[in-house]
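The structures come next, written out as structure tokens.
Both of the next two complexes hold chain A, though its partner changes from chain B to chain C.
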Partner chain A sequence: MVNPVSAFPSSAAKEQPPGNGEGRDRHSGPRVDHFTLDNGMKVVVIPDHRAPVVTHMVWYRNGSADDPRGKSGIAHFLEHLMFKGTHVHKQGEFSHVVAELGGQENAFTSYDYTAYFQRVAREHLRTVMEFEADRMTGLTLTDEIVAPERDVVLEERRMRSDTDPASQLDEAMNAALYTHHSYGVPVIGWGHEIETLSRQDALDYYRRFYTPENAILVVAGDVEAPEVELLARETYGKTPARGEAPVRDRPREPQPRAQRLVKLADPKVEQPAFERIYLVPSARTAKKGESEALDVLAHHLGGGQTSLFYRRLVLEQKKAVMAGAYYFADALDDSRFFVFAMPAEGVSLEELESAIDEVLSEAAREGVSAADVARAATRLVADAVYAQDNQASLARWFGAALSNGETVEDVLGWSGRIEAVSVEDVAKAFQWLDRKRAVSGYLLKEEV
Partner chain B sequence: MNVPVPAVSRAERVQHVVSPGGVKAWLVEDYAVPLAAVEFSFAGGASQDPPGKAGAGALLAALLDEGAGDLDAEAFHRALDDHAIRLSFNVERDEFGGRLQTLSRHIDKAFELLALAVNAPRLDAAPLERVRGQVNAMLKRESKEPDAMAAQAWRRAAWPDHPYARSPRGELGEIDAVTRDDLVELRRRILARDTLKIAVVGAIDAARLAAHVDAVFAGLPARADLAPVPAIEVHGLGRRIVVDFDVPQANIRFGRPGIARADKDYIAAMVVNHILGGGSFTSRLFQEVREKRGLTYSVYSSLTTAESSPSLIGATSTKNERAGESLGVIEAECARLAAEGPTADELEKAKKFLTGSYALRFDTSTKIAGHLLHLQREGFDAGYLDRRNSEVEAVTLEDANRVAKRLIGDARLLVAIVGRPEGLVENDAA
Partner chain C sequence: MVNPVSAFPSSAAKEQPPGNGEGRDRHSGPRVDHFTLDNGMKVVVIPDHRAPVVTHMVWYRNGSADDPRGKSGIAHFLEHLMFKGTHVHKQGEFSHVVAELGGQENAFTSYDYTAYFQRVAREHLRTVMEFEADRMTGLTLTDEIVAPERDVVLEERRMRSDTDPASQLDEAMNAALYTHHSYGVPVIGWGHEIETLSRQDALDYYRRFYTPENAILVVAGDVEAPEVELLARETYGKTPARGEAPVRDRPREPQPRAQRLVKLADPKVEQPAFERIYLVPSARTAKKGESEALDVLAHHLGGGQTSLFYRRLVLEQKKAVMAGAYYFADALDDSRFFVFAMPAEGVSLEELESAIDEVLSEAAREGVSAADVARAATRLVADAVYAQDNQASLARWFGAALSNGETVEDVLGWSGRIEAVSVEDVAKAFQWLDRKRAVSGYLLKEEV
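This part shows the complex of A and B:
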């Protein structure tokens, strides 16, 4: 639903926030350095010397939500085309070099950012930086190259969505939730618009957004900041500044007033499912502390088997076989809070939905206890410690946050802010779970 | 910058811990991050599911953390949650495994809960029915997912009347037949010390680990009581099975017999597969099917080392109108590789990738623990960690040519397709 769409197939892992995991006394959290090159490109370095490898990522602060109207999918299509060669390197050369170095590479597009990465042995860092810097401005495209890649993207859309009723329902729910803002359009784009995307569309988009001022370099692994700084100056630093960073021009979503229900019935649905999405603030649009309170609320309501939804709906009432909730804080504009459940045999989705609403009213009425809040915070903060085990996860977390306008300090302070969430903050966060702000979705079996 | 990497021995970092009770574990001690990762497994996974009860192992795996000792399911999960301990069990075809991750300050509690789950699972009626409902819901969903449907059709044709014909995750209908007694019996047969392998990475020393693994595993029966699983070759080469399904894209699964992990040709086969469809960007299948023709988003082949039937399996998906063209390209590439073998350049590049990328398996505790467990399961000593790349280096063009012929042979494939494919002939009913 909110996972980024990748250039190449791979298993995507959900990223967890890193940070000052166990509190100042216990562990210091990841060590992070950051600086800015003369041309405006930001650089973040996360040293981890346990293995002689590095994760090298470049993030661009533009995603599918910046696609021009009528050109949905262009951010993602361009991401595919970025592997097609430059004035200096012919098509596929970068990928072949990475493969010969024993490296891994991929790229992904989300609503708010597009990122490219390689994972290689530390001594190959300069090589991948040279290639990545080259394709920031040197991309060349011909119609012969663009046409089959557009077919690849159409196959990707068929695979992800056109063969899967659950994905089609998600697309319809997002379109209903965002009546005006472009988060209502799928990252990969609508099929009929992908078919019309041209070489010129891709180049226009590329020239608008692929600039040093709009890019963030993140290097995690067996390196230190001075070494990365030197390499960055000699590679990315040679690209002249373009002036200003490109402006993201997105319409704001109006105040939502109507409850919405979207149903999708298909003979291919064997197992019905319920989902509801609320329009809520993101980490960036929220007032101070509000986003962290939503993190805690999501965990309390729907984070795993000890959550309120699971206990009430699965264990006690036996109306669902599973139930949960999560909050997607990581967005430039107003974001989403998800509630989902799968009905037990013989339970209708209407019945399940009212049971969910009863649990929500109970929770809003009775509030949460200090113990509930502390328990959720413990678990969320621990996830940040677990994230420190993985340099690639850390790189992704910092890259995504910085792409959305957060700072390194914001990210490192996340655990502390979670621990500061009070019972009152969580009670206040309930105001966002208003059905006027939400779309409910029913995935149903169509009898034929 | 471009200095050679110093030759660091990975094997030397592995401590071989033997507990007072005789339980063995591989340990990599590391305090850089305040965590510990534990991976362990027993032989005999889903292939031990009783006849007509596919999914018994999956149910057992899902139930071990649903209440143990004095703690009912809710209390057990609360204990895990309150200490932010991550514990799960899983079942594969030939293996029943567990995974524990904990913050270093909760290591004692984590092993205490693991010991309860392994030695005193309650297998209570309420969680059994709940988990059964969850497994059924998942299987129902998969029953209409094209890739899962193609895998099922392929599996059933490849291994008829064999445990491998069933999904390790269970089969609809059969799940309902599993009783608590089945789970008790299955646990008795599989959870035993003689097939147990353990790998631990993180902030714990050998003495402390020895005490913990004793508490968890020393009380298990000495010997497993596994039903023999007969070896079976992949059946149906040359068959094309079409499962009619109203979707715009044909999901294609193909395969043929592979090469066993213990076979002296396995490393060469790994290199050959990398050239055919292993490395996502550079492989022949990726280049021919995706890059040149735009027929698909994903196409790959891989070697599986299932004990009773190692195989070479691949998959792709293409719009129905071009399904025949896709499959034709795949078949032609298989035939060409068997007939001509790889080029010297391809071999060199494949070896560079496979040796260079090995380091990427060692950058997180959980990945290292997983790999150390895998090596033990496959029967290797820790020295393999240092030997492995030179074995890849040693593959000659002659080896690669010979093994390409051995692996791909006459290039006949068993193919299962879900969708409404055009441009190809189904030559056999499913």
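This part shows the complex of A and C:
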């Protein structure tokens, strides 16, 4: 399974950070314990006793952006192969057991991490931990298994990207934005490179990255930290340390200097669409407060039907049937701020783009009011509180943040930092919405 | 010294292939001998007895496109460092001796190769061969030498690229065209990566690529093959074989699917300019006859003041003050076909681009006549004959072609293949001028 961060709104659900749970102190956030095993594996425990279930996740700090040059898609391909059996368990056995126990499982690969997930009744936690610990080091692969699975991935690519104009534009825009950094390569990889991925490539990658020092265990649910610690020692703890965490070798993007436009025309396009992606700091690469200001700015400009874009472009000017903005804070390296809109009947994408630029200029010139900043912050925090009600979302948010070098404290402090964003911080954040830092995309039915 | 293949017309002098020399048979081409030393080093000898001088070149089959990820600029940086002395000769001694002998020297790095060059009186050939063979393996480097030279390169980059809007657009267009392949990285490297290049990086790269199996010796001038062979054995021949040629690790560009536009505006721009670059096969990646058809098509469309572009856009429509096209056949991987124009006063780049597209559509629709094909072929061959009169150009052409995996016979057969290009071949070549395969560039004085 692949879960590429799509540039297109349909699949752009932002990971929502946790705010605070019902009945808890406003800024306390969820109760979280964390510790490190002797072999270097990090463990995060998020007790949640509302139901007798647990969400068990192992996150590896490697994603598609760590694929070696010429081997794009290997992180995601290995994620598929991780279901193919070990020295101890035969192919499919882990999935079969999870299903028999009435549980759910999944796995996902992103630019910056790869994660494996099960949700089971609390009494089966040890079982899934044993299986997951086993496949951290015990994977076995034969050419007979690798070759057909590669065809599965190629078919997945054909289905998702090669036949979908929006995905093709998405890929082309990312490639134009990230000319040097590997975020410019799709998570699933380029088809002609997936075709060449071998058993040896998968094993080399596996041995390099699937180590205790590179892994984060997140357990949320009807458990407490001492119990998880005991189980973790008896399962993951048995895997010897490698000595050091693997090196993530990623080139940095050069300073962008030219505005770029990518056009894709395809008769299959039903609804033309405009999108722009700006290269901006991520939570990890930003200076203090910058990333939170971008969160607030994105929400003010384009978060929902009360946003500036929606009001101006859809309601007042009637140039768009939909318009919005969002920001991905969650990335190891410099990240992306999206602006998007779909034109009303008879409005060209050029006209729509100009209208968007006018709204942006006006907002930058006039500034965002204290009331607007407060409104955006309140809403972002409230959304996070709501998202946190879901055990898996919460676990996922900690896993993703920790995979990107943030700490548990960084995550818990997010709501407070969002509420501290000032009018001046938001005014400064406009600096990043510079067209030299951006790629615009036109999705069209016909070549123009 | 760096010699990046610039996308801009000023520095776009195409390497001209040799046709046939004065007084020789029409299709015989220059007299060329070639052989391989026991250690795997290739040798090409091009006798030319008109003056008692020789041109001596050593070509290494590695250029900037072979720079390891994150180490862009290392091929070019090493070229600088190759003048810093060896175990036997101190820094600057080689250059000093060449100057004392009344000779000339130079070196250049391109995407696909790095070459070192001297021109001396024939009696000094052994001397330069001894020096050049010595620095193939004997280079010594200290941090005291590496650090200041890195500053020289950074200054070279600042002078050439960072302060010149046309170069910046050139870099941005190449990065947009080659989103995955390393031709998208400038030959000189990205500044932030040059800054990190170390003595160890240079030595690692040197030991990997500077080997007899990876080198080609080209000697043109007042010599014959037996004499060069003897000298080569006594100089380069002493270097032991490494056992195998180094691997060139380059990712392939995915199928392009979206048309791209890059705009760069800078108050320093005096004259706006339009350019388009299409991703097309090189002589090495093309099917039989395709590359030669692209040569003919480029000449027909945009070679000089009798070309279709010049006639239509400059003379008839008066929309441009200059317009042309050219094609780089000479590349190891997929290469580039350029179309460029400078607008007349009051003509926007959008208008100019539309006019160019109309000329292209018309030409594709109506085809290129047999007379036009013959005229272009005749002119290309004649230009090559003229270029071949220059000993250094001739040596350079063989060196470049052999560095890219072509053979001496391929080079000698070029004129014949150009003359064999048919009307149908040219008609088929238009398939490559697909806007999905292209990046357009606008160089502007003011943001529009």
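The rule is short, and it goes like this: the second predicted complex is superposed on the first by the 422 of 448 C-alpha atoms of A that agree within 3 Å, B and C clash if a C-alpha of one lies under 4 Å from a C-alpha of the other, contacts with A are read in each partner's own complex, and residues count from 1 in each chain.
Everything below uses one rule, namely that a residue touches a chain if its C-beta (ideal position, glycine included) is under 8 Å from a C-beta of that chain, and two chains touch if they have at least 3 such contacts.
Computed from a predicted structure; not experimentally measured.
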| item | value |
| --- | --- |
| Partner chain in contact with A:Gly243 - chain B first, chain C second, else both or neither | neither |
| Touched partner set for A:Leu261, first chain B, second chain C, both or neither | second |
| Chain B versus chain C as contact partner of A:Arg375, first or second or both or neither | first |
| More chain A residues in contact - chain B or chain C | B |
| Partner chain in contact with A:Arg158 - chain B first, chain C second, else both or neither | first |
| First (chain B), second (chain C), both or neither touched by A:Gly346 | neither |
| Chain A partner contacts - residues on chain B that touch it in the complex | 1-5, 8, 30, 32-35, 37, 73-74, 77-78, 81-82, 84, 86, 101, 103, 105, 130, 133-134, 136-138, 140-141, 143-146, 245-249, 251, 279-282, 290-298, 300, 317-319, 349, 352-360, 362-366 |
| In the complex, chain C residues that touch chain A | 69-70, 72, 168-169, 171-173, 175-176, 179-180, 184-185, 190-193, 249-252, 254-264, 435, 441, 447 |
| Contacting residues of chain A [partner chain B, same complex] | 8-10, 21-22, 26-27, 48-53, 92, 95-96, 98-105, 119-123, 125-126, 147-156, 158-159, 162-164, 221, 231, 267-271, 304-306, 311, 314-315, 318, 321-322, 342, 344-345, 375, 378-379, 382-383, 385-386, 388-392 |
